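Here come two complexes built around chain A, the first alongside chain B, the second alongside chain C.
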Partner chain A sequence: MSEVTQEQITELLCQRLAYFTETRMEVFPETNLITHLAIDSVKLLNLVMEIEDQFDISVPLNTLVDVLTVQDLADLIYKIKLSSQ
Partner chain B sequence: MSLLEKLDAAAAARKAQLPEGVGAFGIPIEESYSATEARIGERRVLMLGTNNYLGLSFAPECREAAHRAIDQEGTGTTGSRMANGNYYGHRALEHEFAEFYNCRECVVFTTGYQANLGTISGLVGPGDVVLIDGDSHASIYDGCVLSGADILRFRHNDPADLEKRLRRLGERSRNTLVIVEGIYSMLGDQAPLAEIVAIKKAYQSILLLDEAHSLGVLGETGQGLVEKTGVNDDVDFITGTFSKSLCGIGGFCVSNHSQLDQLRYVSHPYIFTASPSPATIASTRAALKLLREGRLLREQLWQNARHLYSSLEKTGYRLGPHPGPIVAVLLDSARQALALWNGLMEHDIYVNLVLPPAAPEGKSLVRCSINAAHTTEQIDKVCDVFSKLYSTVA
Partner chain C sequence: MSSTIAKLGIPPVQKNDSQSLRIGIAPTPTHNLLAQRRANFTTLVESLEYAAQGETGYNFYDSRGNLKSVLPYRVLCTNSKIIAKRLSGLGLARNSRVALIADTTPAFIELFFACRFAGLIPFAMPVPVNLGSRAIYVQQLRGMLESSRANVAVASLDFIEFLNEAVNGLVNNELKWSGTPEQLDLLPEADVALLPNTPDETAYLQFTSGSTRLPRGVVITEKALMANLQGIVCNGLDVRFGDRCASWLPFYHDMGLVGLVLAPLAAQLSVDYLATRDFAVRPLQWLKLISRNRCTIAFSQPFGLKLCTLRARESDLVDLDLSSWRAAGVGAEMIRLDTLKSFAAKFSAAGFDERAFLPCYGLAESTLAVSFPDIGLGARSLRVDAKTLIEKKIAVRVQADGRKYNEFVNCGRPLPGHEVRVVDEADHEVPHMTVGSILVRGESVMSGYFNNADETARAIRLDGWLDTGDIGFLFEGDLYITGRRTDVIIVNGRNIRAQDVEELAEQQPEVRAREASAFGVSNEDGSTSVVLVVECRLASAVDRQSLINRLQQMVYMAFGVSCLVELVPPHTLPRTSSGKLSRFAARQGFLQRANLEQPVATTYTAG
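The block that comes next holds the complex of A and B.
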């Protein structure tokens, strides 16, 4: 995963987040994690652990305070991934 | 959406999950008769949802000590430990806890919640890391948030996952506070402490163990999981509460690190609150003495716990992984859990109802907690009622 692009991260997140919705709704970069996907806090925290393992990074929960959309989350992961290389 | 509209939306979601009129949460206890019985409405109920593990809530020694303290020192301290609220009793209790754990230092806090809040936020700060078990209590999460440190989680009770995350941190693992609990409050399972200690030593991290539910319950003298596992020298900080086995309110942190004393000068949850009342401190001191001498109480507690666990298991209920004073019945849906909770109440048995997201992994729980004062007849009755109700949830 060392050469992953921002677009790849966004696409992967959209695919993974679709499983978190009861109706398997389509997820887009601008989809709001809370208001559109209705992800509760525990599910979001568990998703963060999956992301950490997928990209071999540490994503502190306190960095999630500004994350509203899938794109915000993808940007954060990309930034952390880039700084860890 | 306005501030008040947000609260309305949250209330609507709550009511959709739990209809109006069902009083599972915040149920009014009208009278307490003993460590095992109370009145709810017009019902005399068997209390199987308290944290009164040793059954000491009516112990004469504790009540007399509290009465005496009120008569001699008044009802409250009206101030912080940093100012006018640092009484002889607070210092004596700290000394007794330090001696109990064979530790150099102890700090007493006004509540168990504040013990975690104050210890964690005093130990770590911005730039440091806290690595906590995924099923940690809210007081641990809140302490981490207050600290400003980077917050990471590892999978519940999974030492390999903990190690993976410490390895990923590289040099930062040395500035990492790992936090686990002796007994987890929802499922009643115990941390794999020996393995966690070995990992934290390998990565030169600091370990904090919260013995809130295991104090008085585990170990020869009731110290908790640390004593049961035999790793007293390798756990850096131990926190706990007075509000469970000790039947008071308050909390503590003990350590062999002399730096714990510095928390008194930097920890806001210690400084900016009134100190525990004289009655609370006096009853807690008396209860700690009973706890230390309470081998027979612990034996009775465990006998009761194994009795209930094995009976419910035989009936077919899905339970938390370990027998113990917390016996959690796992249900597939909130509706099933509510039906079981209502059924138990109709048979005059009170237990705790736990719905998502409070319960781990989206489960719904009917959480029973057993104490040393429950009689065999009372536990038998509970087993019979659970057996009768099994068809409603099977």
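The block that comes next holds the complex of A and C.
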């Protein structure tokens, strides 16, 4: 997991988000979490927990305020993962 | 930890806790050598000076349950006096306001008390929680800084960027200093004697909602605060030797601050804190803290209990022992019996005793608590006939089986020194069992909204009665809440003012003033959804969809909830004779168009 690439994170997120939001449509990097997926706070927190456990990182609250798309979230995770190594 | 060890009275031991072993810190003890005084103090700092003579205090845990930092009352007292002298060097007038972004840290509590020692008025500002919410969050901070006319603002390193952005855009900037706690530590200590506080001075301001433009700061005096703390400690919780608290409630929330920071201090109890964010991601950590440290008092909104029930797996229950938990306070939003029952069903296997449930009623405008039932009885409820309730506004107990009923939770009796009254639309007191607006009068009621005479006059009558905005009835002296008036929507424990949602909509170029109406509707599972109905002149489907997307995104960013947007032709929304939109009627119209039936419990409205 230490060698994880940004693309892998994005791909994984797209998969998990499709599962979490029980959506029938495909999730892309540019998918908007709010308007397209209507992710609610409970689902979001579940997802954050999965991300944290999977990548062994801690996602600070203040960083989510700049996240709108799947890509934004993937970039954030990658950044945190890099700085925690 | 097995319950046998706990019963032998051995103080909490940190288990699996490599970090705290490494730094060599231990949580403050449950048992204090100092004789317990149950909140019989005249000011907040007086209660801190007393608690500082003992060994108890506040403990902060990280998301994995490791002890991160410890703040004994003794250290808090010393540190906050030093910070008070640094603040005094800024040359502020007594009773100047100090804005604090309140994450769950020792620094926030130290600053809060430093303000009181220095004769300044602190108030807590929220931390940002929603996806993509930067712009709206900064706007919220700005609103609070202006409404409070703050002279000092402090934010930790994590949030200082937001604070700076807010400060830079202030129209009426009265700030003399802003920065981080670390920067504050670089200021010199002024050579001044800290003057004692008096009961009539303002202790703090409490902002009640994340309003975007016009936030209101509730003014609470030392006298009101101490009266409420005494009510909570002596009457609500019947605090005793051996009590210990655990909390994940945010420090910027009245239940978090007054209930689980100030009340424990006033009774010299130790508290174990989990940051709200960490609870939200891993709710079981809260229960693990209670279990491990043998906590006896912990409060939550119903939503927090629901999160625990949802997220706990059978395997989680094995290591939990919740038998020490004697006061499971529930408040801050409508309490549904189902939520409590599911929680008890899930966690009774872990030793949770449902008699610990303590459903209570209160609001920031009355400091925190208004009413408590007797402790140790659990949640009691009343089944009333659904038809009579909606048609006659009268609660009639269901006698026969087969009748449709609504079940309401008993929120107990008013604290000593407080009265509760239920009135009709003409402001006349109604008989018991009749539903109406709930008014409160007593020592804990706020002085008003800061610097806002109009809103104050709307909330407090000349004879001192506070209009709570809640709807309910009295039965045998006990208070039952049946709903809120339509101006507040409660989703997942968050209070959302309908007006705030409408204002957001009106900021869009396509939406004119008074052409948007927001309200809540109940879903089948008992949860609430926000609905926004907007009158719209756009013809193109693309433009319409773009507006809907934008509105959903704005509402989400501001309030963290999904929202159903309905565009309707102009003149669809019902208006009152004075031209004001009627949310109640707008909601009725929406339900008709959507062909939805609503349970009466959450939708009962008056006025």
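Here, the second predicted complex is superposed on the first by the 83 of 85 C-alpha atoms of A that agree within 3 Å, B and C clash if a C-alpha of one lies under 4 Å from a C-alpha of the other, contacts with A are read in each partner's own complex, and residues count from 1 in each chain.
In the analysis below, contacts are C-beta pairs under 8 Å (C-beta built on N, C-alpha and C of every residue); 3 or more make two chains touch, one makes a residue touch a chain.
Since the model is a prediction, treat every value here as computed from it, not as a measurement.
> For A:I9, decide between first (touching chain B), second (touching chain C), both and neither.
Neither chain B nor chain C is touched by A:I9.
> Mind working out whether A:D40 is in touch with chain B, chain C, both or neither, as first, second, both or neither?
It touches chain B and chain C both.
> A:L17 in the overlay: touching chain B, chain C, both, or neither? Say first, second, both or neither.
Neither partner.
> With the two complexes superposed on chain A, say which partner A:D56 touches: chain B (first), chain C (second), both, or neither.
In the superposition, A:D56 touches chain B alone.
> Return first, second, both or neither, reflecting whether A:A74 touches chain B, chain C, both chains, or no partner chain.
Neither partner.
> Name the contact category of A:V27: first (chain B only), second (chain C only), both, or neither.
It touches nothing on chain B or chain C.
> Show me the chain A residues, by the header's touch rule, that chain B contacts in one structure and chain C contacts in the other.
The answer is residues 40-42, 45-46, 48-49, 52, 58, 60-62 of chain A.
> Can you name the residues of chain A that touch chain B in the complex?
Against chain B, the touching part of chain A is residues 40-43, 45-46, 48-49, 52-53, 56-63.
> Can you check the complex and tell me which residues of chain B touch chain A?
Its residues touching chain A are 129, 134, 144-145, 148-155, 164-165, 168-169, 356-357, 360, 362.
> Quick check on the complex: what are the chain C residues that touch chain A?
Residues 63, 127-134, 137, 158-159, 161-162, 277, 280-282, 307, 310-311, 492, 549, 552-553, 556-557, 560-562 of chain C touch chain A in their complex.
> Which positions of chain A touch chain C when the two form their complex?
Checking each residue of chain A against chain C gives 32-35, 38-42, 44-46, 48-49, 52, 58, 60-62, 64-68.
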